[in-house]
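There are two complexes below, and they share chain A, which is joined by chain B in the first and by chain C in the second.
This part shows the complex of A and B:
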């Protein structure tokens, strides 16, 4: 009951925050220089006042700002993000097309980063100052500081070009056609079709870009896990648990890890938010048709509705993830839930 | 006392700590024994080694920086120092338990209190989860927690300091240990709660026949609770005596100083007496008796030679040249 109340409260905050972000984005689009009319109509059409007036009327630009704002909120509530100037498709359709590609990549990356990060962090905390700790430190610092585009090129060079163990750029080999869209995640959709080789092929395409993207977050998770676990291991309640006769493994799993992972959750959440926003460089190098590529192309062609759509999507990502992290905090730590 | 079975015998225990300023002898040739059902008080100022000596018995001296460099800890005829970590895990919390000074931070904040008690029972008694929880609730009742069924499902932060210390005692006593080591368990508590916790320890000692090592700097608490008292100074025992005799007739100059430093309500208001000087820095090497720089009776001999342990009678020992005939 107390848990449900806590979750309900968090979800209410989420709705309020979404509204705030939408308002902020609206204000920003009105503040930045550039007039949608001049940006979108040809020189000849601009000289014809009736066309300009018709265009303004079509998009509600002739109405007072407050009415424009209300119309904008109304269209958002009905999931209408306008039409992309570059492709002439609805922005929502464009996002629906490219977002699953990014989700698929981000999910695998964050899973790799979390599993390896926590594992490395725990190992290096237990074996503090040993050679293992030093090696793990080297790996995590490298992961955090490697420029992703360079790391991406290296991975492609070795594992695709030289060793040929992983496929090259793209989501699927040319011998396969894209699976029918159910979730938009190729691995999942191929499995739903019952096409196991295709799922495997899609999965193998995911590995290199996921590893590249995971490196940074993994480094952060490793360092955070290590330092938090070391802090927790020197607390009084761990001494109590030791005095109870628990062995090292039980001590870490039952008593230390839960407490140590609370701050790590935040790092994982931020990492996932970052990944879901699309990684322009890595998506470009791996020819991955995700949000990053879409954002890049939209910016290059001054496609305002699409840019706003991406901005909103990124903001919503962070807010939803933060809400989930908050809820998880509350589930793990009773002190958060009750305060 | 003294006639019953000896349950724990610490002999010539030496503990060293590696610090940035060099090696420190935290415990020097500590020797004492604990009898079944006895309540032994270990008294001393901070840094006198009283906590380290008890952590040594538990095998919980943080290593590094600490290390047992000599001596024996004989429990049930076996030397605990020679035991492996795995063997010690079976003894800790089962046969020898410990409660600590800080009830506010000594319980895991994200585990329900009842579970923290039940954990010992599952570990050492091999109980099933449900059975252990029922037993935990019974023990909570025993240590004076009202409405234990509901409180077992509460988290530590929902309880007061006194209640948390009761939970700590419940954890320590869950498996009916032979020895309970209480390291300043009442220091962080209000006076009224202190008295309740002392009563509880006394009751448990009587009902479960658990021997108690009570570590404190509070002589008042010792006089109320303990049968025998050990006074420690710079990692050494300077005096050992039955509690009543110690308070009536202290022998060592340090004990005398400690006792005269207790404020008394009956006395006219006067400046509190103190012991001149302060506890020496542990890295400092003092030749002769380590108390000699502060001792009003110190002679040249005290400053050059370490005094022997003098046996005054069957139960009293003092480490001072004054009593060497």
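This part shows the complex of A and C:
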């Protein structure tokens, strides 16, 4: 009951927040210099007043700003995110097209980042100040500070171009056609089709971009796990457990790690939210048709319905993830109450 | 516990390893650790994979105007006329015969009678009327192409009469343009298309035409994932002779390094969006052929003729001084192999072009002398605005830097001001508010008349504050070239245009860019084409 009440409250906040985000992004897109007409029409078309007028009329850009805003909010209430000025398709359709590609990449990235991050964090804490600790810390700092586009090119260069152990850019090899869309996640859709080789191919295409995207979050998780585990290990109840003769592995897994993981969960949540917003440069280099590329193209075209659509999607991502993380707090540590 | 964890880690490593190798096999990259001097064997068979750049959002012929969609439209649709070779003229395609009236105002075209669309419908004059009217009335990016078309009439099932509002020496070239492709009117109408005057409001066929094509071309668009991939499959009902390429998979890969790697690995067959650096990397690689043809895309320096906006660069003597101060050879070097500098505003390679400006045109002493005559003996300070665009992979900011260093030699102190195209530069450029800028121009349609817009009163001329009233004699050359009825008249008019702008006017053409491309030598007939980048209907697999 307490949990349902909590979720209900969060949903209410979500509606208020989405309204705020839509209003804020609408104002910002109108404040920045640049005109969607200039950004989307060719140099020749811009010289023809009748073409410019028809274009403005088509997307309602000829109406006063306040009317544009009210019309947008009105359509938003009916879950209509409007029509993209750039592609002329419904923004909702565009997001439905590119979001699954980003989800697939983000999920594998966060799994890799979480597994390796916690593993390295624990090792580093156990072997504090040893050479292993130094190496792990160096890896995590490198992961956090590597520019992702450069790391992406490097990974492609070595593991695809030189060593040829991973496939190149894109979601599937040319020999396969895209699976029929059920979820939009190629691995899952291929499995639903019963085409295991295609699923394997789709999964293999995920590995390099996922590793690149995981590097940053993994670095953060490693550092957070290490520092929190060290804090927990110095508490009285751990010392008591040690004094009772409990072995180190049991002590960490059963007693220390649970408490140390609460701040790590926050980092994982933020990392996933960040990844679900799309990563422009990595998506460009790996030819990945995700939210990042869509957002970038929309910004470059001053396509305000699409920009607001992406902003709302990102806001929803964070809100949902934060709610899940808050619920998980309570599961990991029963002392944490949702209220 | 330790053993269990170890087993889990090993199992995961094995799955990832197996998956990775499996994926690489499918991609055709089977030679682990092989050197880079030979391309990996392609596993694509009669499927050809082409990598292009992005920046476009639709494949509706009535809406496209960007570079790469022309390649797709050319493969899926056909026009009344077509450029079969890059240096040639527009030749009849769907047109069987044609005749231009003596006054140049009526073009009567007899259509080929055996042409069918991919749907099986016969192509008749009603499809031509629908397609040309739709493009004109959609009021989209390419609608200007139909500006001189007053009306289109279907005389009978296979005869079309195009009535022009004025003689237009470029009309057959314009009819080659993707926006003038002939659509299956029945299919397009069924899916929301209209050619009525209110098509801009009522036509809703774009989403259909983004998912499949409705043309009579050799290929059918079977899938389009924006910013990612386009798939074309052979039109089994094609009325003419097909090639042995069964399928094209067109990957949108903006990054030239990615294209270089995927081409070397055998994953793609044609890399159409390369750069000078990535071409160098591929030099000497067995199995890969390089192309570096000169395009008709041109970068230029614009100096506003309005003194209030251009300041010192509005002075024609200063403009000529700058013309002398520039190091054209150095600019070509920055732009890479295949680059040239046109004689004046009409690019080398166009009908009637006077070719190239000599690379030793630079004369610093003459430039200083002219500045002295103009009253700027000690030079002057000026802002040079540049945006974030690139011309065939060459950043305009790089060209601006070169201009800055060349002008420093004659005492002009240039301050480079950067601004994004979408964040204000585009508006200022369109509205003629920029005093001094570096910009580029990609041709809209493959005809020298497209360059007449650089004349006073033309679309680009006005952006430089060059009004027809300020230079009526030069402005008159616009109509003279457009209205020319014979080849000789046209050639003479174009010559006059070039002579008049060789050492005069607000534009200095900096470089005519090359289009670096590379392809797997398992293909034949891969040639650069200005209108289509590569004519996919001519490519074959060996």
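One rule holds in what follows: the second predicted complex is superposed on the first by the 259 of 339 C-alpha atoms of A that agree within 3 Å, B and C clash if a C-alpha of one lies under 4 Å from a C-alpha of the other, contacts with A are read in each partner's own complex, and residues count from 1 in each chain.
Everything below uses one rule, namely that contacts are C-beta pairs under 8 Å (C-beta built on N, C-alpha and C of every residue); 3 or more make two chains touch, one makes a residue touch a chain.
No experiment lies behind these values; they were computed from the predicted model shown.
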Touched partner set for A:162, first chain B, second chain C, both or neither: second
First, second, both or neither for A:335, with chain B first and chain C second: first
Partner chain in contact with A:74 - chain B first, chain C second, else both or neither: neither
Partner chain in contact with A:5 - chain B first, chain C second, else both or neither: neither
First (chain B), second (chain C), both or neither touched by A:41: second
Contact footprint of chain B on chain A as seen in their complex: 235-237, 239-247, 250, 254-255, 258-259, 332-335, 338
Chain C-touching residues of chain A, taken from the complex the two chains share: 32-35, 38-39, 41-48, 50-51, 54-55, 57-58, 86-89, 94, 97, 153, 156-157, 160-171, 173-178, 197, 200-201, 203-205, 207, 249, 253, 284-289, 293-294, 297, 299-302
Chain C residues touching chain A - in the complex, by the definition given at the top: 1-2, 16, 19-24, 26-34, 36, 40, 43-44, 47, 49, 54, 57-58, 63, 65, 139-144, 200-201, 206-207, 210, 223, 225-229, 231, 249, 251-255, 257-258, 261-262, 264-265, 267, 420-424, 426-427, 430, 441, 444, 453, 459-460, 462
Chain B to chain A touching residues, read off their complex: 58, 60, 85-86, 88-94, 97-98, 100, 102, 105-111, 119-120, 123-124, 155, 157-158, 168, 171-172
